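Each chain carries a letter (A, B, C and D) given by its place in the written order, and its residues are counted from 1.
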Amino acid sequence: SDQEREFQDKIDADIKIEPRDWMPDDYRATLIRQMGQHAHSEIVGQLPEGNWITRAPTLERKAILLAKVQDEAGHGLYLYSAAETLGVTRDELTEMLLDGRMKYSSIFNYPTLNWADIGAVGWLVDGAAIMNQVPLQRTSYGPYSRAMIRICKEESFHQRQGYDAIRKMAEGTVAQKKMAQDALNRLWYPSLMMFGPSDKDSVHSAQSMAWKIKINTNDELRQKFVDQTVPQIEYLDLDLPDEGITWNAQRGHYDYTDPNWSEFFDVIKGNGPCNVDRLAARNKAWDDGAWVRDGLMANARKKAAAKMAAE
Amino acid sequence: MSAVDQQALFQFLLRMGDNTLVLGHRVSEWCGHAPVLEEDIALANTALDLIGQTQFWLGLAGEVEGKGQDADALAFRRDVWDFRNFLICEMPNGDFGQTLMRQFLFDAWASVTLAHLQTSSDERVAGIAAKASKEVAYHLERSADTVVGLGDGTEESHKRMQAALEYLWPYVGEMFVSDDVDTAMVAAGIAPDPASLRAEYDAIITRVLTQATLDIPQSAFAHKGGRDGSIHTEHLGHLLTSMQWLQRVYPDASW
Amino acid sequence: MSAVDQQALFQFLLRMGDNTLVLGHRVSEWCGHAPVLEEDIALANTALDLIGQTQFWLGLAGEVEGKGQDADALAFRRDVWDFRNFLICEMPNGDFGQTLMRQFLFDAWASVTLAHLQTSSDERVAGIAAKASKEVAYHLERSADTVVGLGDGTEESHKRMQAALEYLWPYVGEMFVSDDVDTAMVAAGIAPDPASLRAEYDAIITRVLTQATLDIPQSAFAHKGGRDGSIHTEHLGHLLTSMQWLQRVYPDASW
Amino acid sequence: SDQEREFQDKIDADIKIEPRDWMPDDYRATLIRQMGQHAHSEIVGQLPEGNWITRAPTLERKAILLAKVQDEAGHGLYLYSAAETLGVTRDELTEMLLDGRMKYSSIFNYPTLNWADIGAVGWLVDGAAIMNQVPLQRTSYGPYSRAMIRICKEESFHQRQGYDAIRKMAEGTVAQKKMAQDALNRLWYPSLMMFGPSDKDSVHSAQSMAWKIKINTNDELRQKFVDQTVPQIEYLDLDLPDEGITWNAQRGHYDYTDPNWSEFFDVIKGNGPCNVDRLAARNKAWDDGAWVRDGLMANARKKAAAKMAAE
């Protein structure tokens, strides 16, 4: 149709689509799914890191971690707000998370088992997230693009803090270095999986790329992440978590072993180490908090009514 | 100051710092589990401020003690009997209402106390108080609003807030009991006499709790012991098992 | 036995001892909080037996390792990554139904395994198994009865038991996965191949769960990692903060 | 009346009263109160010790503590059963505990704050309990007397274990000795309070003594406890917890400072350090367990019905 052609022309010309503009239903639905999933990831992502807040080893580390988790909740807020411009409410999105209709990033279904994991999450997980997100600053949907610009700035700060935390571990006592290695070994493949399945198995991609909702392919970004991270591992003097990692001079990239994709699909299906506990924690927070939300709402109504009466 | 006063000052600073440390820890337990996203953010922010204040208070405590202990050593290497926080700070979170009521009852005390401490004869104390005051003013505004919102909300939220107030009320009195340490602080012009702050405190909480349609309990009974360490609740020991875990297991590490 | 086999035997004994240690700890958390007095007694008794078995298994493990670690050193001085228990043992208690379901699923495995271990080529292993077998037979009888009583009780108790079974089911498969350690144990005649025990196990649980009117989940998916330490749940680290607290804080003390 | 005279004659002749014998209503009511309170104390008494089970420092200590707490639950069972012979059910007694109509020993409203408390509870609290209970083996009501004989045997075993545990602490490192001293200081007066108020303030006593429900006065037993315990404190090389303790050669007893009775009455009124938490814990256990009790009961009924049908 003309509308569709005009829409695609705008995108091709790098003109942002804004909430009041016409857009194809599929574009809207895909964006809601992608932004919702991203928002949910920020929310669920509080849990593995929150798991160590009560055990943070110094006041400074505790403060840094609290600030980081607070930022993540804030990112959740931006993204839900951006998604709301597409005509879906935060509560609707939340309920879809809680009953399993919507997903969140699978990385948060892995446990944090030692303090170095907190560093590794910042370094690897935020690192991978940024690699996914930086291109999205140029995404076609205006509110999403602007949210990503804000988020990317904070995320790269988190990544540096994470790298600093794990460097301290890698350069620390024997036990600390062992923690750092253990964290790297456990989180390496799950981080690679964050870029999604191999391009040949990835659905939705072609259309999303045309719409500039997705900018690079999964495998491109994954390679970029490996190329960036391997020298850091070497700098930290940690063992490479994959014997298959070697510099391929011909390609100008590191070769690496593909993640175990059947594990990836297991986790997506709900069989990750923490899927059940993560969703249970979020559901409990929501259910236990119902009286609070109701109470505050009732109070707001009373106040509004009193104000009306006074006018 | 005399050696005795230095020892009293050390105790006074531990009291200030242990309050914020233990309460900050409790608040941080909420992370990721609050009833609504805005509250997750607010609770993390409160915890963060309290931990920040702890760094100042315990940092200064360590200096005054002069035995080479920094804030981390004091926070992570003392056992229950050496803690000097109000018992109310170590009380469990309970539901969100209990957490916010605890916060409100503490914030009101902190705002009154810090206002006085800004004119402390010890410039370091006055400086910390000035910085913390701004944060606490915001905490108090927020916790008071929430107590009002939930107290005068639904029937259920009212009932829960009243229950929280009754549960926590016996822990308020400890904030206003004076002892030798306080006498020394008053004499040195460092800090006000806690007993003298009760009227200001009561004015704040009466205003807010009335607006929240909550009944202030009549009982004057007060649990004591946290502030001088003579007794704590069983809760503190469990809190320390998490809080101090890494420092205790890996004493040679730096983080 | 060769040095390799000794190392495998050490791992095998850690697995046995960590199972009873961690599960015993979990069960002991119930103390004073059970739904009825007889259950308080029964749970304390189960925990007591499991801790007793731990003393034997880890005691022998320390001997075999030959580095001067006794059972207490192994129990209280290792961090998460060195634990070798099934993940199911570290799962939280949940409600009483979840605790009893976990106990039943474990007891059935223990009764089958210990029966075989009584004919172990290692007399020390056979001896521990003979003693533990008697206790476990009683545990199994009791947990099976309770699972039946609650499964075929009220609508609510049925629903809760079915939910408990579904929550825990993905942790059953790990009991029957064999690895190099098991191969070495089989070769030395010390222990049976775990994979070979599944049929016996299924016979027990099918009989009991059927009588309990519960549906056995169809999914064959199994969480793994506890038995070789490659991964644990987040729960274990929290459990250790309590369990190891005193040993970690006062490493020079004897108790 | 004749019945009353006959009843008192039996008691004076040391003939036990049995469940089917006639007895005055007051005797029955007083016994129910006393035995119920004793049973409740065993149950609530699990909590302060249970507080350290998850932190017991060795496997052996953990096993000892578990066995002890298990014994206490067992004592609760004996005593509830004995009380049931007087025509009250365990559930009725439990409900009276849970809603505050019946009391339990105030000592359990004090917290256990370090590991030495566990030793001190065995040594001091069980020690005081035994001193109260040994005479009750000769009490006039048969089932109560027999329950006490069984209980006293186990309690003195516990006391020896407790003494051994605190001795180990007193002879241990500086920190351990400090724990032992701290435990003694905190638990000394509460232990003295276990004998009840001073004779001059004690109600019920005269009648109870005539009925041989109570055998010695509060102050007699308290003095006996002090006389037994002071040499033990000295043997342990701990400081006396009361500067007023001195040997009074004239009396042949140790003088000591009376406990703060206003604290005692505060605790009885519900203002002890742990009253609220203890009752909350027992209420939670009871409420959370309702579905279990109902489920097991329903199953028992089904089984009985099936058995009937098969006959």
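Definition applied: a contact is a pair of C-beta atoms (placed from the backbone, for glycine too) under 8 Å apart; a residue touches a chain by one contact, two chains touch by 3 or more.
To keep track of the chains, here are their UniProt names: B, C = Phenylacetate-CoA oxygenase subunit PaaC.
From a predicted model like this one, the values you see are computed outputs, not experimental measurements.
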Result of counting contacting C-beta pairs for B-D and C-D, higher pair: C-D
CA centroid of chain A to CA centroid of chain B, Å: 35
Distance from the mean Cα position of chain D to that of chain A, given in whole angstrom: 57
Where chain D touches two or more other chains at once, by residue number: 55, 175
Junction residues of chain C - those touching two or more other chains: 79, 241-242, 245
Pairs of chains satisfying the touch condition: A-B, A-C, B-C, B-D, C-D
Residue numbers on chain D that touch chain B, as the complex places them: 48, 51, 55, 111-114, 175, 178, 182, 186, 266, 271, 273-274, 276-277
Chain B contact footprint on chain A (complex, rising order): 43, 46-47, 50, 53-63, 66-67, 69-70, 73-74, 76-77, 80, 90, 115, 168-169, 172-173, 175-176, 281, 284-286, 288-300, 302
Chain B residues within the chain C interface of the complex: 79, 238, 241-242, 244-245, 248-249
Chain B residues within the chain D interface of the complex: 79-81, 167, 170, 221, 223, 225, 231-234, 237, 241
In the complex, chain C residues that touch chain D: 21, 25, 28-29, 31-41, 44-45, 47-48, 51-52, 54-55, 58, 71-72, 75-76, 95-97, 146, 148-150, 152-154, 156-158, 160, 242-243, 245-247, 250, 252-255
